[in-house]
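Going by the order they are written in, the chains are A, B, C, D, E and F; count residues from 1 in each one.
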Amino acid sequence: MPIITIEGPKVEDIQKKRDFVKEITKTTASYFNMPEESIIILIRENEPQNVSVGGRLIIDKNRK
Amino acid sequence: MPIITIEGPKVEDIQKKRDFVKEITKTTASYFNMPEESIIILIRENEPQNVSVGGRLIIDKNRK
Amino acid sequence: MPIITIEGPKVEDIQKKRDFVKEITKTTASYFNMPEESIIILIRENEPQNVSVGGRLIIDKNRK
Amino acid sequence: MPIITIEGPKVEDIQKKRDFVKEITKTTASYFNMPEESIIILIRENEPQNVSVGGRLIIDKNRK
Amino acid sequence: MPIITIEGPKVEDIQKKRDFVKEITKTTASYFNMPEESIIILIRENEPQNVSVGGRLIIDKNRK
Amino acid sequence: MPIITIEGPKVEDIQKKRDFVKEITKTTASYFNMPEESIIILIRENEPQNVSVGGRLIIDKNRK
């Protein structure tokens, strides 16, 4: 039942995503001492106009 | 004020969705002993490439 | 894999909680057409000093 | 590290969004007594068919 | 219906919390052009042993 | 800014927690190609009476 939610920018490379969830699952199963089958991961890919760091939208980060 | 968030695959049938939120709202209002008007539901429809169970993306579930 | 998160006040009666998750699970499994075993529910019981509706903390609701 | 998540309808006006995150960041940094640079905001724009208030989807709000 | 979730350290001063939710509610109602009564805020106060920044738990931040 | 939220049972061993967040941070930084300093992790330790799998509370799992 452990659930991992990942918030970040979009990653296009599916193979990279496959490897990522496999590794996160392994690490988490070991931490909780539970079977890998019980680990759920949700990836949320946020649009840069909907994320702000330090009061500034990501779409504006490269602006002067 | 109770808030219910539902994470799952996309459901296309709007009538099914209507019936679902009505039933969940009724059950939740009764559980908290609060009016149905106060119950908020958020449905998040996740893409199968962004959900992993047991270290495997949903898009790969039918692969050998 | 569907995940339901419930945010609301604390409910002390465990039997009520048992019946609630059973009913929510049944309704959700039917909505997604997935087995009940796959449905996970997380209940978050919020302290009244940490919830605000309309700009007012719940602990202050009965104040004039 | 404080993280603010905003759930609501879509707002098209980017300038309005810029002003909003700036103001929320300032208020939150002051509340926690932490630097503005540490404040992260995630905006989630929900589709009206995926939000229910009082057992009724937002898309049906104006229906009789 | 807009919902704001605030994740951060515990703040003991209730009056500060009152002022904070009032101000966040006002800013958010104005952004969405919706009544203040519809704005819900959830504050989550995280224990420093359950938050990590840069791979380091907050409880270890002052360690050498 | 990537944010990882981990929902699961309580883990008492702080050293295990330290190692876990370090490893998750490293894996996530590599996946997003972003510096480790930008990765935030929130651990939520859920009480077994507030989690249900398959319509059954975790506190009842060992019951017949």
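Worth a mention:
The working rule: contacts are C-beta pairs under 8 Å (C-beta built on N, C-alpha and C of every residue); 3 or more make two chains touch, one makes a residue touch a chain.
Keep in mind that what you see is a predicted model, and the values were worked out from it rather than measured.
Considering the contact criterion stated above, the chains in touch with subunit D and with subunit E alike are B, F. Rounded to a multiple of 5, the C-alpha superposition of subunit C onto subunit E involves a rotation of 120 degrees. Of the pairs listed in A-B, A-C or D-E, the one whose interface repeats that of A-D, with over half of its contact pairs matching by residue number, is A-B.
Among the other chains, the CA centroid farthest from that of subunit E is the one of B. Placing every chain at the mean of its C-alpha atoms, the farthest one from subunit D is found to be F. If you average the CA atoms of subunit E and of subunit F, the two centres end up 20 Å from each other. Put simply, the C-alpha centre of subunit A and that of subunit F have 13 angstrom between them. One simple way to say how far apart two chains are is to compare their mean CA positions; for subunit D and subunit F this gives 25 Å.
Across the assembly, subunit B contributes 1, 3, 7, 40, 42, 51, 53 as residues in contact with two or more other chains.
Under the stated contact rule, the graph of chain-to-chain touches falls outside the line, ring, star and complete shapes.
Chain pairs recorded as touching, per the definition above, are A-B, A-C, A-D, A-F, B-C, B-D, B-E, C-E, C-F, D-E, D-F, E-F. Across the complex, subunit F meets subunit A through its residues 1-9, 11, 16, 20, 23-24, 27-28, 31-32, 34, 51, 53, 58. Against subunit E, the residues of subunit F that register as touching in their complex are 14, 17-18, 21-22, 25-26, 36-45. Those residues of subunit E lying in contact with subunit B across their complex are 1, 3, 40, 42. Interface of subunit F with subunit C (complex): residues 7, 46, 49-57, 59-60.
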